[in-house]
Each structure stands twice: as C-alpha cells, then as structure tokens.
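Both complexes below contain subunit A, partnered by subunit B and then by subunit C.
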Partner chain A sequence: MTYIKPIFRHPKLPKNKIGYTLKEYEGAISNLCAGCGHDSISTAIVQACFDLSIEPHKVAKISGIGCSSKTPAFFLGNSHGFNSVHGRMPSVATGANLANKDLVYFGVSGDGDTASIGMGQFVHAIRRNVNMVYLVMNNGCYGLTKGQDSATADQGSKSKAGSINPFQPVDLASLAVELGATFVAQSFSGDKGQLVPLIKAAIHHKGFAFINVISPCVTFNNNVGSTKSYDYVREHMEMTSKLDFVPQESEIKVDYEEGEIAQVTMHDGTRLQLHKLENEWDPKDRLSAMNAIQRARAKEEIITGLLYVETRFGDLHDILGTSDIPLNKLTAKELNPGGAALVEINNGFN
Partner chain B sequence: MTPTDTQNPEYYHKVVDCQYACPAHTPVPQYIRLIAAEKYTEAYMINWESNVFPGILGRTCDRPCEPACRRVRVEEEPVAICRLKRVAADNKGDVKQHMPKGPFIPNGKKIALIGGGPASLAVARDLAPLGYEVHLFDEQIAGGGMMRSQIPAFRLPEEVLNEEVNYILDLGIHTQFFTYIDSLKGVLEKDYDAVFVGTGAPRGRDLPKLPGRKAADAFIHIGIEWLASVAFEHIDKIGKKVIVLGGGNTAMDCCRTSRRLGGEEVKVVVRSPFSTMKASPWEKEDAMHEDIQIFDNHVPLSFEMSDGKLTGMMFQKVKAVFDDKGKRQLVPTGEPDVFIAADEVLIAIGQENSFPWIERDLGLEFDEWEMPVVDKVTFQSTVPNVFFGGDAAFGPENVITAVAHGHQAAVSMHLFCQGKDIKKRPDPYTNLFSTKMGIHEWSYDSEVARDQRYLVPQAAKEITLLDRKKEVELGFDTPTGFKEAQRCLNCDVQTVFSEDRCIECDACMDICPTSCITFTDNAGEMDLRKNLLVPAENLTQEILVSDQLKTGRVMVKDEDVCLHCGLCAERCPTSAWDMQQFFYSVTKASSI
Partner chain C sequence: MSGAINQVSRPSQVNDFVVRFANVNGTGSASANFLFAKAIFRMGIPVTPKNIFPSNIQGLPTWYEVRVSEKGYLGRREGIDLVVAVNAQSFEKDIQSVRAGGYLIYDSTKKMHNNLIREDIHYLGIPMMEMCNTHFTDPRQRQLFKNIIYVGALSVLLSIEFEVLETLLAEQFAGKEKLIAPNIKALKLGANYVLEQFQYPLDFHLQRRDLVKSKILVDGNTACGLGAVYGGATVVAWYPITPSTSVAEAFDKFAGKLRVDKVTGKKNYAIVQAEDELAAIGMVIGANWNGARSFTATSGPGVSLMNEFIGLSYFAEVPAVLVDVQRAGPSTGMPTRTQQSDVLLAAYASHGDTKHILLFPSTPKECFELTAKSFELAEYLQTLVVLMTDLDLGMNDHMSEPFEWDDNHEYNRGKVLTEEELENMGRYGRYLDVDGDGIPYRTIPGTHPTKGGFTTRGTSRDEYAAYTEDNKAYQRNMERLLAKWETARELVPAPEVYHEANQHNFGILFYGTSTYSSEEAKDILEAKGIGLDAVRIKAFPFNATVKDFIASHQQVFVIEQNRDAQLRSLLMMDLSIAPEKLVPVLNFDGMPITADFIAKSIASHLFQEKHLQHDLYQTHI
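Moving on to the complex of A and B:
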C-alpha cells in the first residue's frame, strides 16, 4: 500500500490574502473510486474557500450518509465537521447555524441523502431559509450500495447492468425553486470553471443556497445509456450564463463579445455578473427560472449555471429576530439579566 | 503546441535530471533502487557498465548530478547520490563473475592508449571485449593516472583504486608502465589501427614572475607535482607553516595532505571570494574541519626571504566588483598589504595541457591555445586514426567527464576500425515498461520520503591526521544507506499519458500534490506555461503536452517539480496515466 500524499507542494504555490496556500484548505487523501466526480467538487470547494481567503476555522462541514457525505473528510481538513445520520444533515446544520451564525456552513449531501431519505429535512431547511450552502453531489445512483438507481435517475436511463429506469426523476432544482429557495444553481463536476464561481457566490448569499452538481459515478453510472455519465453530461449541458464573481473591493472587467449582462448585488455588497447565454430568462424572476428549467428538461438538456437568486428575503435569524451576538457567545450575564429586570418585565404586565 | 514527442528517448532522459546531468549518463535512480533492495552487486554493475569506476567515483566524483537532483526543487538538499554509489561498492559481492572474461576472440586490430588514466581505461574496458589488442602506455608505476598521483589516499584508498583499475587491466590489456611516450610519430610508425591520447593536463601552473619566486624555489612546490611525489613516497614531510595558493580541489588536497605531513599552521590563500572558490563546498568544509584557515580576497605580491630561507608571502587585499557586463574584477580595497608567515608554499592555481611529445608536422592541428583540434562528438583529431579524450581533449575537467569521453572515443575507434562512418553514431539503448502491479501497488516504492539528507560519518581527525593513508570518510552503513536511498524520487519512473483513454474527469489534476497537471485550451508554449495551475517558470524543464482531448482541451504537465509519486495514475479511472520505468544507457562500443 503506497497510497500516501507526499508532504511537498509546488514551491511557488500562490498565497491568498491571509497568507495561506491551497495546502491549508486540503483534507485527507480521498478513498473514493478513482475518477469520482465528487473529488472534483471537493477540489472546487477548496479552491473557492482559498480564493475568498476564508479562515478554515470559520467553516463547518455537515453531511449525512453516502459517497457524497464522506467527502468532507477530503476537503478543508482544518475546519469543523459533523458527519450525521442519513438524510439528517439539514437538522444538524440548522441547529449549528442557530447556535453560531458566524460560520460558513457547507451542507454536503447526495441524491439519496437528499431526494430519498432526507427529502423531508431538505424541504424544511429551504422553508426556513437557513444560511448555508447546500451541495448535492448528484450521480443518479446509490454508489455505496453498488449502483442501484436513485430517485434522481432519469426515466429511461440505462444502468451499468443494462436495466432501464422506469420511474420519473425528482428534479431537485425545480423543487428548490418551487419551495422558495433563495439561491438555486446547477452545475457539473467536470466544469470547475463554472462550479468554483458558483460556490463562491453561494457562500456570499445570505440564506439557503442550493447547488445541484451532476457528478458522474465512474464505477456504476458512467456507461453508455446513462444520463449522468461524463460523456452524456458534456453533450447535453446547456449553460444559462457565464458567471463572474466580483468581490466587494475589486472589480474584474471582462470583455464579452455578445450577450446581455445581468447584475445581482448580494446582501454584503458583492456583485454577481451574469453574462446571459439563454434568452427569455431572468435569474431574478422565479417564474422565468422555472420556465427555463422546464424548457431545458423538455429538450433533454441539462441546464447549468445560476438559475434563480432572490436577495430580498432575510435568513432564518432575520426571520426569528435573534440577537446580533451569536447564541453560543451569549454569557450568563446576557442570558440572566437579574431580579431587577424580572421585576421590570413583571411590572410591564400590570 | 504540438503534442510532445515522447518517442524521442531524449525527452524522458531529460526528466531523469541526475542521469541527464551526469556526463556518463549513469542510470542513477535505477541503481539507487537496487541499493534500497540490498542488491549491491547489481547496483555496482549498473554503475560499472556506465561509469567504470564506481568505488573511486563514489568517493571522489565532482557530482554534477547532485545540484541537478529534483529534490532541491522541492526541499533543500539533494539525494546523496555520490555516497550511495560508494554504498554499492562497499557492500558488493562477487562482481567479477558479471564482467566480461577474456580471452576474447581477436578481431585482428591493434590499438594504442597513451596515458593510463580514467579516459584511456574506459576505452580499454569498452574495446578489449570486442577483440582488440590493446596496448596501454603510462609513465607511472601503475595505472590510474591522476586518480593515483593527485587524489590523496585519505580520500581514495589505494586498494579501491587498484581493484577497479585491475578489473580493466585483467581484460587482457598489454600494459607498459614506466614508459614515457616522447614521440607521437614513433607511435604512429608502429602498426596500430588507432591511437587514443589520454594524457590529461599534466602541467601545474606556476607564478614565475612573482618577486622572490626564483630565490625561494627550494621552498616552493607545484601542487600536482607535490601531490604526486607524496603519492609515490618521494616526499613525506613539510614545514610547520604552509601556505597553499589557489581555491580549487587541488588546493584542498594540498592543504589537507600538508596537515598530515607535519603542517601545523596550514593556510589556503585565494584571490576570489570564498563563495566563488572552485573547490566543491564539501571539500572546503572538510578542509576547515581539519583546522585549515581559508583567506579569500588576497592576491599574492611576493615571496619574502631572510637568511636564505623563506619567511612568508605578502598579499594585497582585494574585493570583487562586477562591471556592467557582469564581468568580475578584483579591485584593491586600499587596506595595508598583509604578510603571512610560511616555511613552504604550494602553488595550486590550476593546471594546463602540454603536448611537447607531439610533433607539429604530423598533420595534427593545434588551435591558438595550443590545444589539439578535436571533434566534440567523435573525439577524432585531424589525424583520422588519432583520438583524444579526458583532460587532454578539451582541458581540465574531472574523472566522470574523462570516462564519458572514453566511451564515445571507443565508439568512434570501433567504427573507424571497421571502416564505418564515425559520424553515424548508434542509438542509445532504451526501455520503457509499466510498473503497475495492482491497486495502489507499483513495482517501485512510490511513497515520497520526507527524511532530510543524511550525513556521511567521518573518522575522528585525531586519528586521520596522523596517517596520510587513513580514509577520512567512513561511508554510509547499510541502514543509513537504505534511508538515504529512499529519498530518491524515482524520476526515471515516467508519467506516461494516453489521450485516447482520458475521460477528462480531472482526478489527476485534483490529486497532484505539486499542481503539475492542468487541462486547458491549447496555446503557444509561453502562453501555455503561464496558463497552468502554477505557471511553469522553470524554462530548463520541459512541459508534456497531449494531443487534443474530446472537449477540445489539452493536458499539460509541467515536469519541473513532479514527485513521481504516481498519484495521478492511482486516481485515474481509465489508466490514461501509467507509471512506466524508463531505462537509458548511453551509446557504447560494446554491451557489457
């Protein structure tokens, strides 16, 4: 067994604003199958956090069960992590977020973990607009139990064993838009050029940011006839837009020859520039986003990019009106204002 | 860029930095792996085939391989390649059974080798098994040339030298020692089919015009001549106070030998700054360890005498100043001149070629510096059957370069004697095969050791300074040798990419610890180098560019800091990457 990652890195590895290289954002060496799309998503998360100069200890990774949910071991090794029960990641993430709203939350899940056992949890995390990045590594099969069709497998998709899936798929992006998620995106593990800016935008989004990433299972679902294989996804990918993520302090000027630019300003002032490739679509309009998704589905295309974003709603803490200080930092002094305060409250009822 | 042509053996050869930097192109990683596997005899034979003197070079080589070692590009110290070679030599079993054994069937050709140093011996080793009748002439008592006369025994024990010289002489070489050839014409008049000149650079430079030089002659010695006199036991003592002039390896050998012959205050005085002295850093360290002081930036002014005896020397203090063109000048600092006391002075300021025995009417052309005109590839002179090699060909170099010359000259002489075109060189021998054994299993140790370079133990100087022949370096013991061998990055195990298998999953790019691999749009080389994950700024290292992939992109790998850890191949789902062991053996006259 010689499967050990060397300690040496490229001596000229760039440093970010807080003086870290990518190495400080890496995790343990992956033990997923060679070529798994999930590893590319892990790398995209590492890249996004490095680019945004996020301090690793200000991140929490929470996952359920499945190949996808193993990945938090393989990225951000210096961050907090919680590998929870199958499908129960949203509850744990909601609890953690309520206790400490200062962290960046990554909820990492798979198609089984979200669209089957965890569907109920997923729906309610959206409803509550928990401030987190909810990533689904969607490969359309249960890789950990040898590749049975999952709830997101497309009707008519052929498995490695040759059987055709007879059921309708759960379309997670449509579902998220329908339920009122405030940030909905779709992407492909094999396209980091698109995925990394999407993750960065999702981190900056205050509220529930959902990214459905098609991530081929090389071992059980990368065969001819599968609609979640590398080849199929590349052939049927349709991008809504090219996304530039513009940090608060700097502006990147990129010249695009054609197309319309839609600007979205996030809660914290960062801006998203969307170079629209799809007409008849407005990322800020829920109905138009819904239509774009359905149109693509009818054409058997996989629509990718930022599909819908809504920045007017507050997140769970805004809705509940919690204190500005994160709950876990409140001390006995603030929580127990003393007898005098009680008397005052009681007098208020007189 | 057009896809890289990996069919050209020189592409993968260049990736093996140590082997590429070695003048004789010894397959370094190959023998280091054999040392790690405790196959010392096999490791020795890989060396012997390539560099002829593994035991000698394992102690005295100039090590051009070590600065080239890939490890210095990711950490501080290279693998101790040279001293690992010695581990193979020290622990080998019966190597003679693997060497060619005479008598060989004569091919009817007769050759003369003038000079018995490393270049001539390499020629002899390559040509004797082909049936040549080889006659070797040397003025010394035994073979070895400067390895015998100039390298002190405390660095190179006589037994080691004799053993390796004899492996060659035992191939049936006709030796004529104590024979100084004083006329090339005389040699050419005999019926030799080809003649090889490996007479080295025998003349040590002097300072004839320095005031006091003539008067103090009895107390002044030329470095290489003095070392030879010590080696052949004509000299066995020196004054208590010694000045050694010069900053090269000969100066280091002179000062350290002086310490062993009674020199108590031995000072090396050199014109240039300490950092630019020609001596290898480890030789300077060893000298200073033996209480030798090095005075840099001192230019000699005169020899000072009193009562018919040398009292010392005057020096001017200078500093190095660089002009606009980067050319160095030594400018006086204006400080008062310095007197350094001495009983004897050794001049080791360089050596030069000297061919008083070659008649100038033979048609053998000499250039304006009195050097013979020699072809850089074939080593042929302007007299078709006379070949040169070693220091005699292009001026003073080192043992390993002399061996490399010997191999190539032997190829030329063999072609020449067969009546073939010596410009048509045979191809090198190459081989490339997969090291894959199973999942996470390779036939080489792919784990990258994090150990720092191990130090070679030395005998205590209280013992070594008392005996000129007591070897200072003790060599690695086998456990340390193993650990040092494990530091090798196996650069000869190549990352071979097959674009037709690649599904562009990015797994290799994601796992690569040193960010060598990038999938990107094709462009010109300089743009491509800039567009990589980490720009490939080291232009001395190649980039491996694939043919166009399905998405229209290309795979680009920067060879610069690749650790050859095999993770790209382990994470590849389709075996588009494979780790393949590359063997390269430079063209030689005979396969051993």
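Moving on to the complex of A and C:
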C-alpha cells in the first residue's frame, strides 16, 4: 500500500526557536498496524526534538530489524536513518558516534532485537557509555514473524494463541542499571506526558541513555492474560516521579512541596526536576534504583519514569580522548603524517 | 661431541644457506634469533626469517628459520643446512630435519644419547647451560643468555661481524644500557667456545655485500597498520585473533605517535577493541556510513562471523575496509600456520548475490600501499574492500622496498555531495545511476537541514532509497550493482606481467605470499630450459590483462596455498575460463610454499602431459 502524505502546511503552525514546524520533524506515514504502541513513541520523539529545537539533520537514527526498527522511517524524515541488521544496532551506532560526536544518536530497537539476538551488543554499548539514546519498543513478542514470545515476555503471560510463557523474562531496565548504564528510564507508549520529557532528558544526557518503553502489540499481544497489553500495563503502572526537563536558560519553577523534589544537573547545564512519588528511591543512587525496580517487580507493578541517572562519567569519546573536531571532519592535513615522517619510520626498520 | 663426520661437505658456499632454530616457546629465543637475522641483513645480505610458532604462550616447541640468499630469493627453501636444537621436546625431530652433510648445534651440558647420532651430519656440541650457570647468577638471565650464547657461536661459525651484533644490541637496549654488557659477555662466551673447539667458518658462511641498499626488514601487519594511518583511517574496531592482532596494534602504535594533536593532546583517531568480530565490522560500517574512514582486521573465523554485515555493506553500499590475515582453516584449523584459503569466502561473503573487491599484497611495501589504497577504492566504489594478506606476510619479517608516500596525493572521498551541491540540485536519489558507471552519489548525515536525508537499509529500495518490494526496482538495483562491479574491474590495481610480450606456451599465475617462491621457481625452470611467462594478480575482480594472459597461453599454472585451488575457481567464474586451461599447483600444509615444490610440480605436470622429455624432467629437479 502506498500512502501519499499531504504536503500542505497550515501557515499558522507554531514554529520552534529555529523556525521549524512540527511537520519538519515528521517522517513517512507508518505502515505498522493501526494502534501500534510504536507509533505513539515515534510521535513522542517528534515532539521532543521539536520542543528542543534540534536541527533535524543533526540527528542520526539507527535501528536493527523488527517492527520497532522500521520506525526510524516514520519520524524525523529529514534525518539520516540506518535500518541495519538484526541485533547489531549498537555496534553501528557506536561506529557512527565515533565518526561524528556532534550528532544526536537515536538507537531504536525492540525486545527481540535487544534482549535476544542483540543482547551482547546491548551490553557492550552500555559498558562503553556511548553517547546515544537507546530506545527499546518493548512488546514482549516478535510482531513481524507473527507473535512468538520474546525474551522479555513475563513468565506466565498468555499469548494470543493461548499458550503460557514458561520462561523467566529478561528485565532490560534492571540489566541496564546493573551494567552501569548512566541513564535508565522506563515508560509506556500510552503515556506521552511522561515519555516526551524522558526523551528530552535522554537526548541531553551525555552518555548511554536507555529508555525501555512498554509498547503493546495490538495484533499479537494485546489479549487478556498478556502482561504487555494496554489494559494490563495501565493497571499495573507505578510512576516513580513526575519529570520536568528544564532547558539551560530557563528558571526553575518549584511547584512541588520541598523535600519531594530531586534535581539532576546534566553535563550541558540543563536540569532534570523530578517530583518524587516514591519516597525510598533516589535516582542518583544505583542501589536504590535497583531496589525500586525489584520492589515493583515483586508487587507485579511496572515502575516507570526516570529510574537512575549518573552524570559524573564521560562518554566513549572522553574515555578514548578523541579530538574535539569530529573525526569525519578531519582532512589529510590532520590525518596524513606525510612523506618526511615515513623516512624516519623506514630508518627504524633498516 | 664432534660426532661422526664422514660425509663429504658441499663446496664452500657464500651467502646461501638456511639455519633453523628449535626453541621452547616463551624462553626469550625470539629476540636472540631476530638479532641473528638482523645482523645478516645489516651485512648487506638478503635474508628471510620465518617464525614457525605454536598456538601457545609458553612451553610448546617453536622454530625460527632463516634463509640467506645472495641472489635475493626471499621465499622459503627446502633443505636445512644448520639446526640449532635447544628444545628437548623436539630434539629427535630436529636432528632429522638437518640435510645430509649439514650441521647440528646442541647443548652438550648433558650427554646426548647414542641412538640420536646420525652418521651423515656434523654435531657441534656447546655446553650452553653449563656456561650460563657458571657465568650468570640470575635464573632468568641463565635462561635468556643460553640463546645469546648460540648467536655468539654462530657469529664465528658463519662469519657474522661482531661489531654488527654489538651495534644491534646497543640499539635494542637504548635506555636500558646496563643490559648491553651481559649480552656482549654471553655473545663472547659462545664465540670463544667455537674459536677454541671447532674449525671455522663452516663451508657455508657469510660475506659482507651491498645488496640490501635502502631496503627495510619489516612485517606485513606493521605495514598494514601504518598504511591505514596514511590512508586516513580514523575509526578502528577490532577483535583479537591470530594472526591479525598486530595490525590493530600497529595502527594504535603509529597513530599514538603521528595522530595526536600537539596542542590539545587529543587523538585524531579512535580505536575500539570490540566484543566480537560482528561488532567490529558493525562499528566499521557505522563509522563509514557517517563519513569516517574506518577498518577492521581479522582472520578467517572473523570473516565467517562478519558475513551478514558484509552483505549489508555490499547491498546498502556503505564503504568498509577489512584486512584478512589468513591462517590455516577450516574451523579453528592451525591458527599459527599460513594459508591463502579465505579467497572464495572473502570474494563471495554473505547470502544472496554478493561479490567483493579483494586486494592481494605480496610485500610489506604493498601492504602499506594497498591498505591506503583500499580506503580510496572502498569510498569511491561505496563497497567493502578486503585486503588479503596471510600469516606469513603479516607476522614474518620481510626484506622490502622502503615505504613511500607522495605528499601531493589528496584523499579521494568519492561521490559525496556537499551541502552546496544538495542545495543547488533537484531531487536527490541515493541509488540513481547518474553517471552511468553504476556508482551513485551518497550523502553524509548532518550535511543539509532538509535535503539529502534518507534511510540506509539492507532491504530492497528504489532509486530514491524508499522501501519497495517492486520486483523491477529490485532487479534494476541488482543490475546497477553489477555495472558498478564492471567499473571496479578497471579501477583495481592491474596485475604485474613479467614480460612485455608473451614468449612461451605455458604461463604461471600467482599472488600474495606465493610470489617469492614462484619467481624463484620460474628461474629454476628457466635455467633448465623450461621457459614460462608469469603474471602476478593484485586484485579481484580480474581485469582484461589477466584474461588476455590466460587466453594467450596453452595452459597456465595457478600457484596458491590452499587445498581447493580457490583462486583458480575464481578465475574460472569471473572470466569464464575453461577448467583445463588452469593447472593448480597447491601447497596447503600450513608452511610457506617453496620454489622447489613449485618447480617440481610444474615439471612433473609437463612430463606427464608429454611436454617434457623424461631425461630432462629427471635432471631438472
């Protein structure tokens, strides 16, 4: 099926600080199933990039294979995308990031793409603290091959065909915290109010920003008995906090009661303001984040919001000590040592 | 024991012999053995050292073979004239490896068993362990200097100039000068023992020459790493695997010296040790997609793992450079032995219709040049380029022409559109064949705010990079890739043809590390009246010169180091050549091919096919 997207733009569409309308951040019309959670996430990405006034071409979208990995075509149409191979988005994103540190990198993946075939690369992208937003559209099943359980399907969750998943799930958020990811969040595709500020915060985080978004598969995993259905997730969601993302130049408006506010200053001076709904949890403390996730799990709740953030560590470029100028902008002048240096090298071998 | 010397020695030979050292891995023999080889090189005499080592860090047998050739032949030669046997584990085998009339140097501290005595070789016993125990107290020194003692002994037996050894030690221990004196002492212990106990020099020995000139002694992996620095690589991702590891290490070493900003101290490169080969090639593809020159180095097992990504590079047309330092397969095979057995794997890596550009260097200088060149080709053709070296070329030192770089050369990044070009053009189509050469125009992320953006994908797409399952669009794209392949055919390095005009009915064709021995075999046969024309392949796809060469000979011997005659198959497939035109000459035991083997194989074939008289065949080889 071919969709032609209308190019008409209302002249009074609001523009952001750099003069773009929301339209400039949209992509092709989605060919995912109507009602797919993934499309809501695409919309949230569009909104976050518009709000932050990011130039569309300064974003690179990289994905693996699967329904989720198709979405980069459906947002930020003026940005370059790379729909690569199954489970290997992290390595492609790592290489791309090394080539040019100045772009915003969206790594888009699914639960099959990350928690099964791509587990190894996911783990190592975290270890390296690659500066990227790593977004998993998690629906607990393989949609594109018609509904098989994925590794994030909960034990006891019922598939559309009626079978019960007997295996323990991979909990990506706790895994990310455990591995030392420097930004870990969890959200729900149906909660745009929470997702948009989370994505903004993730973009501003310098380092590996992981967002696990529960994103129901309306076709294969939205049935009664599934723990990844819209109804189930809505009933079992437990927010850690209400999050505001505060741009660098803005005043902080304190709307909350003193003591309930947690503030996090990011590398670039922007701030996160968290209205905590969970008293025993401190987003800057790894142990308490881990405890909060495990407590929620024991209560069969899905904890959402920003779970953990650590801003003290440098990203992969800081670790490697690469030049401030992106490597892909360097010319032969900086890169080629020239014939004279070669004479000296030859002398070392004779 | 000076043993049963009842064999008539060969006439005195100058600068033409093979010495083999049999050591225990991890005992410090490598630097002593290299000192020996380098000293000969410094005396202006062509030398070829080969390290025959185990897949082990400490304890297993290891050998170091040094060929000296006045005529400048750099391949391995059969027939070992002198063996230094200091490894008890392999001692019996090492005795057997000496040619009749040759010499065995051994540690005579302990008495050798009588049944180890061969009547047809000379035994030169030196009490190395005893000497070490007498003259050194530190246990590590006692072990290390055993090696230096035999080098000292060889210096007298083979007429190595002592001053050359002294100079080399001074260079080696610059900054650690206190180590020089005990090394010299050990050298003299060995030398003096020979002066007192044996006749010297041996019937084969060295004489200073001026045959080395400006040549350098260096391994291919070092040259590849350096070539990548000169070629402008900025992102390197790799996973450790023998025998390729030292390519990445060499890049890191050279870049650490040559690519660090003097003011900021920051690096104009990034090197990442990946979690596996899949991630390594993934990073390379990501970096190239984003406009950086990027490469990885691996060996056969790594290439097997990279197959899926290699197909993506081909189909999505993302440049990538891969150095394949081949080793003996299949599976884990013989990880520390050499072969040219990844040719077909690399040529057709990945599922579906794919084929890839291969470059075949045969010297360290070519490793340097072709590594740099591979970035140009990969970017210009927007595809994967595989540099096919092997363990022999990569890890052994070779006498090579020095590295050269033309400072006027500018990097050719291929068809990449700038912001201005995008601004001033009509609709951009990533996969449109604008120039009719099959090579489309690419854009780098971040170039233009609203034009030139597209989604790169491994799925089928139309000329404007939009996903499509339209059969005609798919086929058009596959045919354009084929057109690009034909463009590549004349862009890759042309073969080296050894004569201006073909003179003989038969030809030989070779590539990579089969080159030295093939050239020598050609001379051996020519001296016996069997003339052969020769061509050396430098790249796949094969260009018209290769086709013409084969067409103009009755038969062509294809010399290679694998079991299945892989390059021969590639020639047949790529150029539609009839199988009977190409005669395989194959060495695949993991040891570098020798000229004797090649000459013998060719003569034997010509005799069987009745192109050669029986007596001629008999007397030749």
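Going forward, the second predicted complex is superposed on the first by the 323 of 350 C-alpha atoms of A that agree within 3 Å, B and C clash if a C-alpha of one lies under 4 Å from a C-alpha of the other, contacts with A are read in each partner's own complex, and residues count from 1 in each chain.
The rule we apply is simple: a residue touches a chain if its C-beta (ideal position, glycine included) is under 8 Å from a C-beta of that chain, and two chains touch if they have at least 3 such contacts.
Note that the structure is predicted; figures quoted are calculated from it, not measured.
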Partner chain in contact with A:H80 - subunit B first, subunit C second, else both or neither: second
Touching partner for A:L103 - first (subunit B), second (subunit C), both, neither: second
Touched partner set for A:D111, first subunit B, second subunit C, both or neither: neither
Subunit B versus subunit C as contact partner of A:D315, first or second or both or neither: neither
Which of subunit B and subunit C A:D51 touches, first, second, both or neither: neither
Dominant toucher of subunit A (residue count), subunit B or subunit C: C
Which of subunit B and subunit C A:D39 touches, first, second, both or neither: first
Doubly contacted subunit A residues - partners subunit C and subunit B: none
Residues on subunit A engaged by subunit B in the complex (per definition of touch): 1-14, 22, 29-30, 33-37, 39-40, 42-43, 189-190, 192, 216, 218-219, 222, 230-231, 234
Touching residues (chain side subunit A, partner subunit C) in the complex: 24, 28, 55-58, 60-62, 72-73, 77-85, 88, 90-100, 102-103, 120-121, 123-124, 128, 316-317, 320-324, 327-328, 330-332, 334-339, 341-342, 345-346, 349-350
Residues on subunit C engaged by subunit A in the complex (per definition of touch): 41, 212, 214-218, 226, 229-230, 232, 234-235, 237, 254, 258-259, 261, 264-272, 274-276, 278-292, 294, 308-309, 312, 402-407, 410-411, 443-450, 452-459, 466-467
Residue ranges of subunit B in contact with subunit A within the complex: 73-75, 440-442, 445-448, 450, 503-507, 509-511, 513-516, 534-535, 537, 550-551, 561, 563, 565-567, 570-574
